[in-house]
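Per-chain residue numbering starts at 1, and chain names A, B, C and D are given in the order in which the chains are listed.
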């Protein structure tokens, strides 16, 4: 059984429907990338899966539970994790407080232990533990966002454009971090515009166009398909 | 002038006698039939809510009495009450409604000049009689349908004289609310002080409705004037007095108030020795008004302008009876004789209008607080505690503005008065 | 001029403004709209104390406690029945709704208790004399409460998990939800504390002065000025804002500007240039204009996403 | 009957004047996102300009033009303080500026007789008709502005400075122009207000008036001229219509007066709760850039 199963999903903002019937699934342990041009509904789609937007039709099944009507908080507590695109850290809070918020549902002891583990994973964060998150560099913010999201040990992590606003070198580093997180057993869904970089660490990919899935297949297949690249992904 | 006063005394006596007969026969003559409606525009909500509700209560009291005494033309009098919300726009809206929809011949109300003026302008355009108790000198310019049952600002110089005579003050300061009446009071008091050779320290104008007057009071006391004139109303009076007391001023005899009744509900210790002017000066008749007010509403009024509102209703009712008509111009013409004959509860009872429809004289009684109650007060060596302002020339002869008219001025005369408009 | 008295007056003014402003600043940052009914809650709380303390004859401290808790609960009800539905309607719609609510509360109070002021069952005494200045017991209580509130809010926000969650929710609601913070619970808590605290502020101001239906109406603009001078969402900003306004109002009137206007002896234009008391309200507005022109997001610059 | 028509004409006139003020605010808020909490200052300054000019013997029509010019200039000055200030921050800043101006009118008796205000003893022929026609003209102008490229840019600014800046638009200039146009319309309304009441005082410029104009805009529907006019009519009916409660309910006037406001407050709140976008909401369009 798939970890996440989405069937014929419709959603949007008010009367303005953006997602028109998307079928989608993620298997345990996979890294899946959602690709597509600007305005194709990628972000709307994952916001619906996470419960920030209401599905108007269709359903979302996660670990066998129908979570279609759940609030974001409920879904997070079931083991979903989410790193939004730009505003993905609490800027006025210290680095440590950010991590504490990430592990809000954990007990005090578990939290302390988990923070140490995150610090071990990203040592840069330990150096900056008491600093305000707003004062971090772009790359450090990405690390913190990741660390924050990993605090409750999510089984399925959604990343909305993790390389947005990063220099190529830092974007590569970020992808490296994602891959290493994935290799430790977390299932990951990435929404990306940067095709090559994201697909290089992914198992499978979906191509969204105007709110529908235009193509679905193994990452390598998408990467090597010139037709798809030229039509939708700008080479 | 002597003859005039005598004549008026005699007339007043006759009216009082008539009044007594009227009350005696009230049981038989209570008004019947369709009520005659007159309008009221007053601040029942907003910054003037306390004064407005006091004024309205006084009017309701008068309406009850008018109706008990036979009503207007044998019919009961009824008030259509409109709230001016403390906003000029709302007052004008109410004036238009009363004039056009309810088509009342007379509207009573006012308080704040910023509302009384535009309302008066609307009502004059529509030839509806407007009886107000606002105080700005500008009321004179509005038009022939405007009457005022309280003294206007230029008449309110008595307090300076009182303070000077009583305390021998060399320097005076003022604490006034920052609105039309307060600004007028400040200007008039300062002018009068200079006329009588007293140094005017400064006028402190405070924001109505504020809760923190310590900065103003600290500065006021720091200047160390010999006496302080105040024009404070309603809820502000309570806080100001309390904050003075808390700042160690436990004896208030340096304060002279234009509106002594504002402090009447305070704990006695806040008003120890405080002096000022009382507008309900007409002896037993005023005392009886105060008593009736307390009986009917279970509280005492704190606004000095409640008695003139009571008088306004009586004058209007008398005028309507005299005119024996609901035509507003005929009622207007009867306003002068009605006020000339009527003996009021405010301003010594003498409510005669001058040619402008303003009070020909302004009479206040000197009073002071004793055990939290307002008592008549006499300046040392004086047997008289009534202060009268009358428009006079240098020889003490009343000028045209200082003469109460027993009959309405002619149309030509009125036209000439307002020709500037 | 008695400078100590001016100083004491400044502190009291600041504390009175600050008491209500602290709650407003916190709720503003999380609810994200200008709640004009906040200050009316303060007045309602003050009237409830009058009801308990004077009409029903309860103990004063008990009245304050019960009234504060009731108003906190009223805050929850306001959220549940009115403001919750504005979650996705931006900041202007709930602001106008709160304006309607403020009008309703203010005049509801007048309909029940009348326009005349009421006072608590408390004996007013001349203030205690300290260094030549007078300060009364209620004023000391106001200062104590304001300082405790400041410390309490600081500890709540900095050292407790729920406080950090409040700051997190204020900074980024979506992300807070992604952290499995129950933001609905946080918002309820903010309503409870914010409204309850407004009530406490209103009660103390009522105790120090008096209670009338327009208490809030006359305070609402100064308090919004204080909050925005300080910076929305910052408790410290609210404190600094109220100190600025309190000191400016009192010292602004007390000061003789003659030396300044005479350019410190270069000119001789007169020996007294005081700010007329009529311009006292202008001091707050001048402070708003000057400070916001220099720092467009208030003195404490919050890094909000 | 004649008098009832007179009352109708008065209501139409005063509603038109406030519709102008509301549309002026809507241009700033609904279109450009400028949270002007000092809107009433345009009316007050416009009315005072007319009063002062009229007392100096200037032709009534010239007075109206002067009012518009002065208020437009004030709009420009106010816009200079916007910079990149957040909505409510500038809201309080604009309120403060409006109150400072009102305090000057209130306290400087040499300028405009302080709290006593100024009488305006001039009239123009067919006054009410002039007001109605002017209102229609304002609606037309604002409609044209709304559909013009200028209108599109200021609506873009409403959603944030970033996009228009990225497109190379001088955001501050657009805000300045919006405030100047808004000010001129507000000044026109103010001039008519002074002529209607024959009087203007600082009490006409209290902040409460701004909040009532805000209620008109938001209750009616931001960003929709028809909605704003509907909101003005609605609020006006609330305030005037509720006066007729006196004829229906027989309770003491001192209690009825605050209850009338309880009703007004509840209705404003109710409209917001059940029609959060206003009575006639803005129709959102999608523009391709």
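The definition used in the following text is that a residue touches a chain if its C-beta (ideal position, glycine included) is under 8 Å from a C-beta of that chain, and two chains touch if they have at least 3 such contacts.
Keep in mind it's a predicted model, so treat the numbers as computed, not measured.
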item: Chain hops separating chain D from chain B, counting only touching neighbours; value: 1
item: Pair with more cross-chain C-beta pairs in contact, given A-C and B-C; value: B-C
item: Rounded Å distance between chain A and chain C, as computed from the means of their C-alpha atoms; value: 42
item: Length of the line joining the C-alpha centres of chain A and chain B, rounded to whole Å; value: 76
item: Inter-centroid spacing, chain C versus chain B (mean Cα positions, whole Å); value: 38
item: Centre-of-Cα separation between chain D and chain C, whole angstrom; value: 29
item: Per-residue multi-chain contacts in chain B, two or more chains; value: 44-45, 53, 178, 205
item: Residue list for chain D, restricted to those that touch at least two other chains; value: 106-107, 254, 258, 260-261
item: Junction residues of chain C - those touching two or more other chains; value: 107, 110, 114, 213, 276, 278, 281
item: Chain contact graph, described as a line, ring, star, complete graph or other shape; value: other
item: Contacting chain pairs - touch in the sense defined above; value: A-C, B-C, B-D, C-D
item: Contact footprint of chain C on chain A as seen in their complex; value: 50, 52, 71-73, 76-77, 81-84, 86-93, 97, 100-105, 132, 134, 148-149, 151-152
item: Chain D contact footprint on chain C (complex, rising order); value: 34, 36, 82, 85-86, 89, 91-97, 99-108, 110-111, 114, 213, 221, 224-225, 228, 232, 276, 278-279, 281-282, 284-286, 288-289, 292-293, 296-298
item: Interfacial residue positions of chain C with respect to chain B in the complex; value: 1-2, 5-6, 9, 12-13, 16, 107, 110, 114-117, 119, 124-127, 129, 134, 136, 205, 209-210, 212-215, 217-219, 249-250, 252-254, 274, 276-278, 280-281
item: Complex interface listing, chain B residues touching chain C; value: 44-47, 49-50, 52-53, 178, 202, 204-207, 209-212, 214-216, 218-219, 222, 234-235, 238-239, 242-243, 245-248, 250, 265, 267, 270, 299, 302
item: Residues of chain D touching chain C in the complex; value: 29, 35, 81, 83-93, 95-97, 99-100, 103, 106-107, 207, 211, 214-215, 218-219, 222, 254-255, 258-262, 264-270, 272-273, 276-277
